[in-house]
Each structure stands twice: as C-alpha cells, then as structure tokens.
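Please go over the structures that come below.
Below are two complexes that have subunit A in common, paired first with subunit B and then with subunit C.
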Partner chain A sequence: MYRVRALTTLSYLSPMIIGVGLISLYPILYNVYISVTNQNLYHFRHYTFVGLTNYQSLLKTVDGDFFIVLLRTFLFVAICIPLFLGLGMLTALALNHPAIRFKAFWRVALIVPWAVPSYITALVWKFFFNGEFGTFNQLYRLVAGPHAGLPWLSDPNWAFASIVLLGALQSIPTDLYEAAAVDGATAWRQFWRITIPLLRPAILPATVLSAILTFNTLNTAYLITTGGPFISAAKPGATEFVMVYAFREAFQLFNFGYIAAFAVVIFFMLFGVTLGSLRFSGLVREEAR
Partner chain B sequence: MGRWHRVEEEILDGWKQWTKSAGLALLVLLGMLAAACGSTPENTGTTLNRSGTITIWHGYEGTYLDAKKAIYDAYMKQYPNVTINLVHKPNLTDAVTAAAGAGQGPDIVAWVDDQIGKWVKLEAIKPMDQFVSKDYMNSQYTPAAVDAATFEGKIYGMPEAVEAITIIYNKKLINSGQIPKTTGDLVSFAKSYSQTNPGSYGVVWNPKDAYFQAPWIYGSGGFYVKADGTVGLNTSGTKAGFNFVASFRGLMPAGIDYGIADTLFKEGKAAMIINGPWSVADYVKAGIDYGYATLPVVTGTQKPASPFVGVKTLMLGGYATNPALAVDVMKFFTNKDNQSKMVLTTREIPANKLALADPQVQAIPDIAGFGAQVKNGVPLPNTPFMSALWDPVAKALEAVWTGRQSVDAALSDAQSAAEKNVAQLK
Partner chain C sequence: MRVLSRVGVPALIYLFLIAMLIFAVFPVFFVIQAAFRPGQSLYSLTLSLWPDKPTLDNFTYIWTQIPFPLWLRNSLGVSVGTMVAGLIGSATGAYALSRFRFAGKQMTLILLLAIQAFPSVLALIPIYLILKTIGLVGSPFGLVLAYMSIALVFCTWNLKGYFDTIPRDLDEAALMDGCTVGQAFWRIILPLSVPALAVTALLMFLTAWNEWVMASVLLLDENTYTVPVGLWGLQNDYRVPWGYFAAASLIVSLPVMALFLGLQRYFRAGLTVGGVKG
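Showing the complex of A and B:
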C-alpha cells in the first residue's frame, strides 16, 4: 500500500527537475565552465581553456578590498535578517488577530509591493532619501528647522543603514503571512509554545532563502547609491556589497573568466554557511526523520 | 521506519539512474550549444532585398523618439514588406554586451560612438564595408563623423548626429552679456547669483561624472586615458580641472546629480545649466526661454573648456541576419531629406553635411549654438581603455565633492585604481 514505484515518483517530479535543470543547473555548470577559460574583452567569443589560472589570480589579487566587501555583505545580511523576521512576524501575527478588520485589504496591501519591479521602488526610494529635495528631509525640516537635513545617502554609515532598511523591507518572505494563518494564537505562552513551533518549518527555510537573496543584493544598492558613498577611488563604497563589486568587475572590465571564478568561490562560501546554519538549527535532522 | 527506508532506497536508485541519463542529455545539449556557437552563421542577406524585419535597439527618449520613429515609419510605408522594430533599452550598453555573449543582438544599435572600440572587440558590431563605400561616407557626412564611425580602418556604422555639452541659459533670468567668459568669472558669477537670489543657483551641472568634467580637465591640459592605455589622472592638468570643480562646493546643492541639475533648470531655479542637445526638447516642453553660450575659457591655460564630442551612430549589429537591408535602413535614415526634417524637431546637429548646410537647418539657433561648442571639443575616446576610467573618475569626483578627500589624494587613488583596471583589460 505504501509502495510507490520510483519511476512513478520521478515522472511526477520530472517537470520540476527539468525546469530546475534548465533554469538553474545549466547556468551554474556554464559558469563553472567559464571560470576555467580566459573569456574577457579580447577573447569574448573565441576563448580557450586556461585551467585554474583565474582562481590563482583571484587568490593573488584578493586584497583588503575583497574582504571589506565580504565582511560588509555579511554584516548587511546579519542586520537585515532579524529586522525582517521581527517586522514580518509582527505584521503576520497582527493580520491574524481576530480584532483586525478589513483583513483582505491589508493582505493585498502587503502583497502589492512584490508585484512592483524593484527597479521602480529603488528609484522612488532614491528620491525619498535625497538630501535636499527628498520627502524624508522635507518632513524632517518641518520639525527641525529650515536648514536641517539627515545625510540619508551621503554619509557612508547612514547610507548603509538606509539600504539595510530597504533590504529588510524587501526581503520579508510572504510565506510568513501564510504560515501565520495556521494559528491565531495570541497569549504569550501560546505564542512561544504553539505558534513558534508551528511556524518553524516555514520560518527556517524562508530565513535561509532570504539570507541568500539578501547576500546577493544588487538592484537596491546599485540603483540607489551605485555602491557608494565613496570615500576614495581605491576603496570600495559603503554599500558596495559582493554582487555590486562583481557587477562592476564583470560589466565594466569584461573579465568574465575571472568573475566566474569569483562566483564559484562565493557559491561554496554560501553553500558552507547555509549547510552550517541548517545543521545548527537542526532542520536537516528533523526533516530526515 | 523500515517501510520508509525501502521507499527512500528506491527513490535513491531511481535518482541514480535518472541522473545518469539526465547527465547524458545535458552533455548532448551542451554539445549542441557548443556546435551552434562554433558554426559560422549562414551568409544570407548580403544582397539587398527589401523584405524582412529589422530590430533596432536605441536609447531615444521623449520628443526625440517621435521624430525618429517618423522616419522609420516612412521607410515601412515605402517598403511594406519591411518591418522595423524599435526597442528601447534602458541599459543599452549592458544589454548589448550581454546579448553579444550569447551570440545574439539586434540588427542595428543606435548609440554613441565611444562604445565602438569595445563592441568591435566583443563582436557585438561588425564592419559594413561590403555594403557601403568610403566614398559614399565622405560624400554624405562631416569628416569628424566619418572618423567616429570608423575603427581600425573599417566602417561600423552611419553617423546620425553630433553632440557635446554647452552652456544653456534661461533668458528670463540672465541676458547673454552676463554669461561669464572665463572659468574664474564663472565661480564669482555663481557666488553673486546665489547671494542675490537665495535658493537659486547661477550654474548647475552634474559634478560627479567623468563625461561632464571633461571640459575642465581637457581645457586645463589634463586627460583621462590615451589609446595606448596611459592614465592621466595624476597630471597637473587633471588636478587643475578637479580643483575647479571642487570650487563649486557650496555653490551647487550638495546632493546634486544629473536629474537634480536638470530639474532645477526646468523650474527656473538655475540661471544656467551645462547640458547636451538631448535635454533641449524637454526645456522647450517646460516652457523655458533659453539661449546658448560656449563654455568659458580656462583661466589657467587661456584655452577654451573642451567638452567631449560624441557622434550618435547607427551601428551594424554583429548578428544582423540581413545586413544589406539594415544598411539600407541606415542610409535612408541618415539621408539629407530625412535628417533636415528630423532636426527641425529634435534640434540635433546632423552628421549629414548636406543636411547641415541646408539654410533651414542653419537657421535653427540650437544647431548654431551647439555647433559653436563642438568646434572647441575633443573627440570622445573610443578606445576600450576608457571603460577602465569612468568608474574611478566618478568615485574620485564624489570623494572630492563630499569633502572626504583632497584633490591630490583622490586623484592619486583614482590613478592607481584606473591603472589596475587598464592592466586587467590589456
């Protein structure tokens, strides 16, 4: 009764497997392939196999810059994740509270941002944050006087915080809202004893996925600050995260082989961190049982 | 538990088998792809047959688009078997690069000539000497425009319009006599204008971009990069240009960028803007009564400020399937009649010298205005090494503009960053 032919299982899974293979697996393999070639501006269509040269030069040229960018990106993720988890859980649970009215409206309002291209939201926020003419500083001037202004995007630390805020807002996983619908428990003990354990299977994968997506942030940072503010041409900017750095290298200098090697290294790094965090949270063990 | 193990094992076995065949399929797929990439495309479309589809990637915006579209529409009306697809690409240069990597791309790319060197290396565009003679080019376009469309002796496109930045002023706010003649005067004018008109600015432009600072740097005797890859950011001329830009700190809004400068001018909050021909149609729309003036003479060198002169060019896509037809469309688009008519709306300086000589065209003040500035300009470098410079120069400008670095420190950092980039390109 419980026996299912493996072939049956696989045929049910095949549309997904083929899809993932073409959309994800093929580009990954292709990237690994490019990383062992000399593809660049002068060998764009006619490149040759060069072995591990790109990895060697990556290790050789890895200087302070690369580590600054990497550390900053990890910091960005580390701040974004608790922020969006807190915000997301709060709104998700609030939405399921019996006292909340017009639930349908609020749900739609929370989903709409996902339908708007991030290109557009980024440009709107860029305007909000503008030092002289932006909405935030215009409002701020109402209370703080006509010459006041907060350096939202012009000061490196402020700019970092501004982008963190956006990153957190944009990466709240919708799954949280669905998961919270399972249970509308409200009391504190119920929350910790019932709600959280019930939500855990939804929260953990969502967190891991969002962490990876946040790590790979390019749109928001590049469109709003282009990775800046910059304090020097020789140092990475305050919001120059790993993908912004990679984007510059690949599309301004056309070092495709080199940047592909870079991507492979980042892949293993993220893979390691993800595996580690899953082990740590016990999810792998639990699911396997 | 045991039951589940059985299922797991079976799934695992199936998976192993499946991965074997899937791996094989993937290998075959890769092989096919490699074969497709390796084979030369069939040599069709070398003789002119006016039927088929031509796709054009462009960055035309606003009022420009309508005037240009009208010409393509006229072509389609004349030759009903031809369809011309105009595709607007917001990040055109990246899109062309990405497409070339995949062995794809449009039939025609409409962009500025500074990308030609790079795109030739990337095989994103291809020579069209087979379809058009040098004599034809010389008979139709101004010499500078022919040069712009030529790289390493081959023709890669047909020039459309010439562009450079110049001073555009608001006639309601100042008169032509008030326009500063030297860079020193420009600084003092900006100071006094802001004092007498609080909240307004004497002159605005984007001070954080390499293109917009070229007038000051080249006018001061500096340069960005030479064709052999020599970087000139730590030269005294470039430093002088940077110092001039830095002297406008406090005379323009701190957070200024291209969009803010443009908006300030449209709203009448800036007496002058330094901008190019592409902006003018929108100033007309905003109801600004404007005039032109050439950029001032650099006080230190007594040489006129020298903006980059770019040539908008229709280039033949590297993967154009019907090159003869594409070149025919280019010829039609850039011919005298169509260009004369087009620039009446777009007010661009036509690269077609017959159209430029047309008295009706000469009577347009915009063309006279920008034309005067183009004479003082330097050609926009079309060496691929220029790609290595935009970013470090922009970062150095930002560091100087925000006061985080002195001009000397910023340029010394930018010099080493640019040299590192150039070395990567070599």
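Showing the complex of A and C:
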C-alpha cells in the first residue's frame, strides 16, 4: 500500500470511476427517480411526480403481488438450498471416495451444466417436460401405459416442483468438489467431525452465492414457463419469481414506475445479504485496513 | 456385511454419480442428436435416442436459409467490444484500489459492491429507458453499453482481487529503486497478471456471448440480433424447429464450452467473485 499524489490516484481511477458512474451508477439512481413517477405505457413521455404512491401500492396489502412473489421466491430458495447443498456435498464426497476411479473425468463432466448457455438449457428442459413429446413422459409411458402422462408444467404445483428441481440441480456449488478433494473424507464419523468443519469456509460463501443466484433466477423460469401456469390473469403465476415478475411487469405490461419501486426494495434486501455475508467472512474488515 | 461395504458402497456411489452425470450431460447429448435428426422426427410419442438416418441438412439450412452467419458476426462484435472496453476501462482503477492509499477508498469499494448487488434484470429497466431517450434502443452500440454496466464492475473486482495476491514487496521494492508508479504497473503488475487478464477477458466474452435477456429487450431488428435472440426467435409456444436450433446451438456453444471446461480451474476465483450478478 503506498501513498501517491492525489493527481496520480485520480488519473488511475478516473476511467473506471467515470465509466461506472455513467453506465452503472447513473441508471440505478435514475431508477430511484422513476420509482417516484407514474411512468408507464400510457404516460411514457408525459409522466408526473407521484411521490411514494408506487411504494404504497407495492406494500399496502399483505396479499398483494409483491408479497406473493417474494414469499414464493423465498420458498423456492428455501427448498433449493438444502437440495443443492445436499447434492453438492454428496457429490463432493462421492468424488473423493477411494474406490472411485477416473476422478478427473467425473469432476469435469459434472460441471458441464455451468458451461452450457442458459437459453439452450432452458429450451432443452422445456422439451423434456413437454406433456406429449417430452422425454420424461416418453419414459413414463414405458411403465404406465401408452396414454399416461404427468402434468410436468401444466399443473401449478407440478410446475413449481419441476422448476425447483431444475433450479436446485443447476445451482449446485461445484466449488465443493475441489474443496472436499483437498480435505479428504471417508468414514461417517470423520465426515461430521472433520470434513464438515473443514469444509465450512468453502460451504458458507458458496451457499450464499448460490442462494442469491437462485433468488435472481430469470432464464430457467421465464424461458420454460414464462412464469405460469396462470390461474387468474390478475394474480402472479405459479413460477413467477421476483425477476420473472419484474421482467414481465416492465417489458410486457410497461409499468415502469411501479417496477422501479419494486427494484429499489429488492435491491436493499440483496445488498443487505451481500454485505452481511461479506462481513461474516471477514472480507470487508480486511479491506478496511 | 464386509462384502456389502466393499462392493455395495462403491456400487451405490457409482449409481449416484451416474445419475448426476445423466443430469449434467444428457441435455448436451440431446442437442447433439437433435442437430443430426432429419425433419420433425423428434416429435414422437416414443423414446428414440439416436436418429435412424443422421443428416447434415440442419447445418446447411441455418447457414444458408436464415441470417445465422450475420447473427454470429453481431455476437462476435458485441462480445469482443464488451470484453475489450471492460478490461481497458477497469485495469488501472483495479490497480489503484489494490495498491494506493487514498481517502474514500472504502466508500468506493462499498459502492462497487452495491452496484454489483443490483440485479442486472432490474438495472435493465432504467438502462432501457435511458437508451430509449438517447435513441440507442435497437442499436448494437446500446447493447454494448448495457453489457459494460456489468463488465466494468465485474472486471474491477476480479482484477483487484488478483492484484491483491501479487506480493506487495515486488512493486514496493521497485518503487524504492526509483521506478515510477506507471512503470510498476506496466512492467511488473500487468505482466504478472496475464493469466488473470485472460480469464477475466474470457469470462466477459462468454457473458456477452450467451446473454439473452438484455439482448432480447434492446435489439429490435433481425439484422442486429445476436445469436441467443435470433435462435430463441426461431421457436414459439407451438413449435420448436429443433433441428435448426440444435445445429446452431452446437456451432455457438461447443467451442466456448470446450474453452470453459479446459480453463475451469482458472475460472474458480472469477466465478465466486463476480458471480453474484444474476
């Protein structure tokens, strides 16, 4: 760490500061401004200042869209975390079992999902879940007879479960695979007494990160179900998570002011979690030195 | 009992790994077989794992009958633009954040963290409205600006994280010996960071190359589409032209997948530092 002249500091920082200020920070501040206007499809050019109306309509009723969508997303994340963590730990331990050969092969093969673009994955899974021609129902018909079929995406509860399963499988923190390999794990008692405590530094940040990624799910849900199935036009669909809702409200219904207020509230929640987890892992304190 | 634990446990573990492998690799296999499948034979009520008469028709079709080559060129331009601008814009700033002592440093870091925590889907709304006002919706340049809003912060974090791991004694000793701050940056820090620069560049390239949400909102005309928007536009709720979609997917994603899997060890740090963005 060295002291340099203020001018030098400024000249090194300025490209990044100016760039970030103009194209990252300014839109966020502009978003706060839109959130207190009534800009929407009908008032696109001639919108007016409406104070906190958007925030009020967001938070006024407990059974409003905001809370429905938020609770559903929390539920989604809450089911996904133990699933992806459990699967991730199991895989990490399995990969490290002395009887398993070709470990390098398995390790690379199992992170393939991270390398496939999500819009391709989404279309493939949409097809797998397809009621008539989908692979799952093709397999199901082998056991249940030629006219059988499960409502993978057409029934609200089934659709939610399908997306949960897919979301959990996709957000397995693969960092664990490497971490477990270093630490070694064999017997059950060793697992609880030694491996888990040793893995904790790797598990915690990976879990927070995967949880935030899951919370921010857009592609997996939107491209497969577009947030549906919808029971009534006035209520959010069964897989309409926070980002899906924001995307639909903004770019299909053009409720810009309303969704800008929504964005502000969601941002404070996410920033709180990020800051909390970083403080917890000591990163912020280290930076302060 | 002992036989069970000697044979049974490994068998169970293999079963589990194979189940995970099927999840991981079957979608990729599915795309590969669909790419070589003629016509609409995928739409069948019974399971068929490999086409009876594999064909290259799908590849010829996408290359000659739809503007796929044009989309490839657009994607390449947008991705390279994002990558280069992101790196150039962030490198010196990351260096200052890693090495200089100055007032407001912690403020800057927390601000960067806050921006990073703002999900890109939500940031897309004001970006869209601003670009609309200055008439850049529909232009690839506007899309690059939108990607840059993610890229600059991401690259700054990533590079700062790497610069922090380079021993400070190195450049401090050089400064003692009379080298300037600029020389320390150009002659010592940058050459030592080539792997990190390469990985950050590649991650930025991949993000832009695979991005669908922003591109689908900000690009309006078929001639300016990037590959993800163009490909997704080929299908609708009733029909997916699987052959064309799969053939095109293979062309755009196999090379980058190979790069990703080949270099995944180096990505690890990058994924955890910058991955908070949705």
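Observations on the structure shown:
In this section, the second predicted complex is superposed on the first by the 200 of 289 C-alpha atoms of A that agree within 3 Å, B and C clash if a C-alpha of one lies under 4 Å from a C-alpha of the other, contacts with A are read in each partner's own complex, and residues count from 1 in each chain.
Just so it is clear, a contact is a pair of C-beta atoms (placed from the backbone, for glycine too) under 8 Å apart; a residue touches a chain by one contact, two chains touch by 3 or more.
Keep in mind the model is a prediction, meaning the values are calculated, not measured.
In the superposition on chain A, A:31 contacts subunit C only, with no contact to subunit B.
By the touch criterion stated above, A:4 is placed in contact with subunit B and with subunit C alike. Residue contacts after overlaying the shared chain place A:253 against subunit B, while subunit C stays out of touching range. Residue contacts after overlaying the shared chain place A:219 against subunit C, while subunit B stays out of touching range. After overlaying the two complexes on the shared chain, residue contacts for A:15 are found with subunit C alone; subunit B is out of touch. Once the two complexes are overlaid on the shared chain, A:229 sits against subunit B while remaining clear of subunit C. When the two complexes are overlaid, the chain among subunit B and subunit C that reaches more residues of subunit A is C.
Legend: residue contacts after superposition of the two complexes on their common chain; A:71 is shown touching neither subunit B nor subunit C.
By the touch criterion stated above, A:52 is placed in contact with neither subunit B nor subunit C.
By the document's definition of touching, neither partner reaches A:144: not subunit B, not subunit C. Residues 2-4, 6, 9, 17, 25-26, 132-133, 251, 256 of subunit A lie at the contact with subunit B in one complex and at the contact with subunit C in the other. Those residues of subunit A whose C-beta lies close enough to touch subunit C in the complex are 1-4, 6, 8-9, 11-17, 19-20, 23-28, 30-31, 34, 39, 87, 90-91, 94-95, 97, 99-100, 106, 108-121, 123-125, 127-128, 132-133, 135, 138-139, 141-142, 146, 169, 175, 178, 205-206, 209, 212-213, 215-219, 223, 243, 246-247, 250-251, 256, 259-260, 262-263, 266-267, 270-271, 274-275, 278, 284, 287-288. Of all residues in subunit B, those touching subunit A in their complex are 3, 6-7, 10-11, 13-15, 18, 22, 26, 29-30, 37, 94, 97, 100-101, 103, 118, 121-123, 253-255, 260, 263, 384, 387-388, 390-393, 395-396, 398-399, 402, 404-405, 409-410, 413-414, 416-418, 421, 424-425. For subunit A in complex with subunit B, the residues that touch the partner chain are 2-7, 9-10, 17, 21, 25-26, 29, 40-42, 44-45, 130-133, 153-154, 228-235, 237, 248, 251-256, 258. Across the complex, subunit A is touched by residues 9-10, 13-14, 16-17, 20-21, 23-25, 27-28, 30-31, 42-47, 88-90, 92-97, 99-102, 106, 108-119, 121-130, 145-146, 148-150, 152-153, 156, 168, 172, 175, 181, 185, 209-210, 212-213, 217, 228, 231-232, 235, 240, 242, 245, 249, 252-253, 256-257, 260-261, 264, 268, 271-272, 275-278 of subunit C.
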